[in-house]
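In what follows, a single structure is set out as structure tokens and then discussed.
Labels run A, B, C, D, E and F following the written order; every chain starts at residue 1.
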Amino acid sequence: MSLSPLIIEDAVRRALSEDLGHGHDITSQSTIPADADGVARIVAREHGVLAGLVPGLTAFTFTDPDFDIQIEKQDGDFLEDGDVIATIEGPARALLTAERTCLNFMTHLSGIATLSAQFVQAIDGTKAKIACTRKTLPGLRAFQKYAVKVGGGMNHRFGLDDAILIKDNHIALAGGIAAALDAAKNSAGHMVKIEIEVDTLGQLEEVLSHGGADIVMLDNFSNENLKEAVQRIDGALITEASGGVNLGTVRAIAETGVDIISVGALTHSAPALDLGLDIDV
Amino acid sequence: MSLSPLIIEDAVRRALSEDLGHGHDITSQSTIPADADGVARIVAREHGVLAGLVPGLTAFTFTDPDFDIQIEKQDGDFLEDGDVIATIEGPARALLTAERTCLNFMTHLSGIATLSAQFVQAIDGTKAKIACTRKTLPGLRAFQKYAVKVGGGMNHRFGLDDAILIKDNHIALAGGIAAALDAAKNSAGHMVKIEIEVDTLGQLEEVLSHGGADIVMLDNFSNENLKEAVQRIDGALITEASGGVNLGTVRAIAETGVDIISVGALTHSAPALDLGLDIDV
Amino acid sequence: MSLSPLIIEDAVRRALSEDLGHGHDITSQSTIPADADGVARIVAREHGVLAGLVPGLTAFTFTDPDFDIQIEKQDGDFLEDGDVIATIEGPARALLTAERTCLNFMTHLSGIATLSAQFVQAIDGTKAKIACTRKTLPGLRAFQKYAVKVGGGMNHRFGLDDAILIKDNHIALAGGIAAALDAAKNSAGHMVKIEIEVDTLGQLEEVLSHGGADIVMLDNFSNENLKEAVQRIDGALITEASGGVNLGTVRAIAETGVDIISVGALTHSAPALDLGLDIDV
Amino acid sequence: MSLSPLIIEDAVRRALSEDLGHGHDITSQSTIPADADGVARIVAREHGVLAGLVPGLTAFTFTDPDFDIQIEKQDGDFLEDGDVIATIEGPARALLTAERTCLNFMTHLSGIATLSAQFVQAIDGTKAKIACTRKTLPGLRAFQKYAVKVGGGMNHRFGLDDAILIKDNHIALAGGIAAALDAAKNSAGHMVKIEIEVDTLGQLEEVLSHGGADIVMLDNFSNENLKEAVQRIDGALITEASGGVNLGTVRAIAETGVDIISVGALTHSAPALDLGLDIDV
Amino acid sequence: MSLSPLIIEDAVRRALSEDLGHGHDITSQSTIPADADGVARIVAREHGVLAGLVPGLTAFTFTDPDFDIQIEKQDGDFLEDGDVIATIEGPARALLTAERTCLNFMTHLSGIATLSAQFVQAIDGTKAKIACTRKTLPGLRAFQKYAVKVGGGMNHRFGLDDAILIKDNHIALAGGIAAALDAAKNSAGHMVKIEIEVDTLGQLEEVLSHGGADIVMLDNFSNENLKEAVQRIDGALITEASGGVNLGTVRAIAETGVDIISVGALTHSAPALDLGLDIDV
Amino acid sequence: MSLSPLIIEDAVRRALSEDLGHGHDITSQSTIPADADGVARIVAREHGVLAGLVPGLTAFTFTDPDFDIQIEKQDGDFLEDGDVIATIEGPARALLTAERTCLNFMTHLSGIATLSAQFVQAIDGTKAKIACTRKTLPGLRAFQKYAVKVGGGMNHRFGLDDAILIKDNHIALAGGIAAALDAAKNSAGHMVKIEIEVDTLGQLEEVLSHGGADIVMLDNFSNENLKEAVQRIDGALITEASGGVNLGTVRAIAETGVDIISVGALTHSAPALDLGLDIDV
């Protein structure tokens, strides 16, 4: 799966402009001869999963169209410390101007892909899948969700518009689970899935008996209750566990038999993967 | 220090649009009566430093201009688990539509402010200051740098345009330290500071003997070398230590006597601070 | 259901700018005294269903914030010839400047709502629902889909991103129905519905025997074949009829028992509803 | 006459982004191999006049720069059912991603060109010309006016800024025909034409005796009155008939001798021309 | 005549963002207490004609919505040294942040209005009018043309789209004057005026004998030739003199009897009018 | 030093769109055959310094990508009347469409570079440097500051964000010179320079005795006082003279020994340099 070039180009243009501020890289312009060329290698400084190659490289081509780029690794590849991801050859000023914007995309998105892969690895052998949430950083959602997928995770809703997720407050305001499900069913088109959050096994019973949901989110359930819920549902709905998920707890949650485990930290708290640019001059 | 409303409004508009996708919150629109009102409290679920109150609240006012908002905490305030940050009263549909965008700004920026405060606290009593870098997330630099400052940190360059930072590659391409400093001095306006990176004590000597720099970045120096460098410089230049800084190493670095310690992790790897929205319906 | 103010404001700003070109209404500015006031009534000149009231009125408030607006009809209301939709009182120059932009939104969207209502009326008493398609006019999709809903229709996919619709070409390129369904299932998140197009009863059998689809689009089926398909499917999948649908054929199609009938003409060929602005000066 | 590439590119970028929503075509990405190629032919499914070739094809080149495109028909060409308009060869995923955006431009604009050509044909042999109005769809005016011209029609004003059209309300607010004409004349630059609307033969006399107008719009005149007005004016002003124009009435109106007949339906109510994409895979 | 608020707001937002760069006024934020208020008076430091009041004041209201503004002079008013144009009371930080953006609009536009008024004054008593050209500064055309009008001048074409101006190169490429006029006449709508440039009296004869033009531009004619041309034309066309016009030559040109004198310098070379901001703190 | 292509492309796109208005050059489209080619030479019509070559030429390449461009002069080159700057060969329609936008950039920026060079020349042999200010035209600051540098001048602050300049009003609001300097020092990062304006020799003593400033602006000092101030400062601070600077006064000011002389007129009042486009058809 790949992002549209339109979205990538818009974000890279915005990021370069943010770094250029009033319009020029005063260090490179003053210290580097206009006709100097250089060769840069993007290298991994720790192991992890690569994501963000295309936006990263676009930072170079938007700064100067004349770069000669050799790609060595693709998004989704596992990186070892020292691996060369790509080699970029061309005007030295532009190399240094684009460096930080390139790395800011790649280190962040690779950080997300790497953390996602760690969660996926942690539940290896269970039937559960790791999903991201809408707890993303402003302006970066499409990129972050893409990186989760690159890391082996699954995408939950992309926004408020593409699926229905009825939470506790919606239920309260709608006048109860049955009323909320009916209202959603009535309004949703046939291409829209409906998920509903429940906080107790009692609520789960209401959902099951009323019908109309495709997925049930079991929010902050203990592992025992998760297990009981999964047995009670018995495949009638897709099950999603959420709340209190981290690398220490995720395997036990997966072993309760839930289908999906959603993890906000994938997109709101993933540390950057350490990548750098080595330049030969 | 506060961000311009123009920058805040543009970012919040973009973030809301990202969440709304094709243009509506199908869950709230279908399950909540159009005339229902609600009261929401933004609450801390762990302790930390608040940052991002204004963009967070703007998510509500951009979704519906009729909210009645009571502010209880300001950016920079220390939060305890359970503290109420603000109370928002108004149309229930809009409350739920804006919730996630609000929290995405506030949890991320408060995460940065909190991490910054931890670094500042770790070097308490030394004369050093904690500074952020240009290792920021694409599109969020102004917000992230603001949050560092809210947490007690200091801002380094905002971009490639507002100060000169001569790094190893610039030196090599310029033909050495003296040539790079001369070129920079020659081109820079009188309002621009010049910093130069050195990797060895030998390079430092060159910088000192040639003159022309305002700040020297001591990159990946051992603490012994840092100490020796500080003594050798003796106040002639501002000193900045960079490389290998974390909460475990930062105090010893500060105790070498450097003026500034720059920390990329403040903006590229700060975990979100846990904040939530409690809604009474 | 209502559109986000962000989407409405952006579109109205764009439409007014399009009409103002180099920046002013030279007729009103030259012929009308700067301090003249006026009262305008938006009136129906034929019967139909109102849609687009908010973007229409926003054209006035964006031209001058001081208008006093009285709303008489809401989106979804049935209009008779002569009905007053809203009364707008304020600066006469701005009234005439905003008039055409207001009407261009309201006549087009009301035209779509009216045509949608005619299709819905034509199948009254059957269990089928009328849905729109992605055959929309560039830049107006969110508004057009909203108008279909106002007219009693249902929304299909909003874009390429929010649901999977496997068409004949996808099937061919994927290597057959089974391969396409497996690939889609494998890639889609749990919040994404999968629809597949079939052109023959034979293909339908493959879909049913393989599983994995939520909806089946019966494309250009004769009414006999539609009926047979519906019986064969027997509720296992949602059924959608498409192709050759118009006001003359739609009832017979609905009576075959399909769940959904999708109609491209709702958004690509709806004639405008005749509305006008009567001004008292 | 052709539209500026800047306007075309902006509109196509916007339309593709509208269809891609959160950023990807999940069906093509999941079901079609990344390296599959395909050949698509844009074909006419009914006869009409082609318009919108360039924006339509730009949808493909903006999705993937590597398409090989063969153009068979040009804007303004008359199409028969089955005619191939262009052949597009390249990456299969991108072919299917861009298909709908391409067709949405071409079917809408060809619909307008075709309807325009029908009106032009209907008055063949008279000296009248068919003109469009400002009753266009928001955001599409430049494209729609271009399509009218492709169909043989003529463009009226493009906006409020490029010519003066004094309507009944302007007259009333200005204090009468003479005052309105004087004010317009006084304010308008020498490059601006002045048109004035009259509703009666009496008003026409005022316009003629006062002078200062270049064109007179005879609004909702009966054909007898139109004829009388044309004789009375006798070439002193350009004459434009408006109101109640359709394919059934237009010829009789043209035969009254008016110069211009303006038709709002060309741009607010033209049905799409049926075009499709045949793909060989 | 006034500019649309949409155009003003967009330009002011852009100008403020340009001045704020990475997003804040570091001087005002650091030196002025957050709760300090101030009163500023915009004053004339030389005499001239005011233009640009609205964009200038918008710089304040976009920086802080809480300003209390008293307007003393209007666009078009003649200013004496020391005149107070407006008084602005409110938050001191925002006063100083917006100051320069306000003045940059007002001093530039007042400079244009003042220069325009000088040209108008210079030909007082003749029947000629002073017009601007398309020789404007990128991004500022609508504002500059507005300022010309405020100063008593007249607007020529606003762009390439709103009138036809056939220059020497068009004539050559079209195959001569007659061919160019025919082609233009054939393509132009009835709302479009046609001007043609001639460089000799011989060319003028061709224009007159062929017909089809509304205005003739007499380019770089000597005053004798202008006089002869005016007599020869005798009111059949509007006459425009262009080339070599300055405050020293304009009166003699006007006295040749031409209708319009176009002056590029009004918009490409007008010096700023000296205005300042006096602040009481 | 060169501007980022991102900034240039955005400004040129905006300028072309401004000139194209509703989207087409009606003169060129109607009078010039679609397949006609032409050759244009950009030529100097008076002597001066070239600036703005790249944005100027971009106007052509954005109108048609197929131009063949030969560059004869570079930014910073001194032009004599008649010098050919560049030759552009390609589609004749596009040549004429882009002509004015190209020249509007180049004549304005060359005008600034030429005026800057005149100021630099006027102080030749002194140690002073000429600097521009923030008195720039809205939306053109980066271009104007670039042109000043091309002309041999120096850039002052680019905006409110990249350096601190404490003026009289800041001092008053901060509670005096010492308080203002302390506040600025306290808030500014280590990469930010601090300048303070003084109006008297007495204020200068306060600045010197308190410390904390890098630059002092001597505002509206007499030349005697400038000389005394320079001696008193004796290299402890960079000195900048401002106020009342013109080509007649600048040399005497420079001879007082100040380091920097700032001149608002460079960017707010530079007349255009006369350049033209000669076309062979």
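Here is the rule we use: a contact is a pair of C-beta atoms (placed from the backbone, for glycine too) under 8 Å apart; a residue touches a chain by one contact, two chains touch by 3 or more.
All of these numbers come straight from a predicted model, not from anything done at the bench.
> Along touching chains only, what is the step distance from subunit C to subunit E?
The least step count works out to 1.
> Listed by label, which chains are in contact with subunit B and with subunit E?
In this structure, the chains that contact subunit E and also subunit B are A, C, D, F.
> Which neighbours does subunit D have in common with subunit E?
Joint contacts, listed by label: A, B, C, F.
> Where does the C-E interface recur among B-E, D-E or E-F, taking recurrence as more than half of the contact pairs being identical by residue number?
Answer for C-E: the repeating interface is B-E.
> Could you put a whole-Å number on the gap between the CA centroids of subunit A and subunit D?
It comes to 44 Å between the two C-alpha centres.
> Return the distance between the CA-based centres of subunit A and subunit E, expressed in whole Å.
Those two chain centres are 51 Å apart.
> Please work out the Cα centroid separation of subunit A and subunit B, and write it as a whole number of Å.
22
> Multi-chain contacts in subunit C: which residues touch at least two other chains?
Within subunit C, the residues that touch at least two other chains are 1, 20-26, 29-30, 97, 141-142, 158-159, 161-163, 165, 187, 192.
> Note which residues of subunit F are touching subunit B in the complex, please.
1, 129, 131, 154-158, 161-163, 165, 187, 189-193, 195, 215, 238, 240, 259-260
> Mind pulling up the subunit D residues that touch subunit B in the complex?
The contact residues of subunit D facing subunit B are 21-22.
> Within their complex, state which residues of subunit D touch subunit A.
Of all residues in subunit D, those touching subunit A are 13, 16-17, 20-26, 29-30, 34, 62-64, 97.
> What residues on subunit F touch subunit A, complex-wise?
Residues 1-7, 141-142, 145-146, 158-159, 161-162.
> Which residues of subunit C touch subunit D in their complex?
Contact set of subunit C toward subunit D: 11-12, 14-15, 18-33, 36, 38, 55, 92, 96-97, 100-101, 103-105, 107-108, 111, 134-142, 158-167, 169-174, 179-180, 183-184, 186-188, 192, 264-265, 268-269, 271-272, 279, 281.
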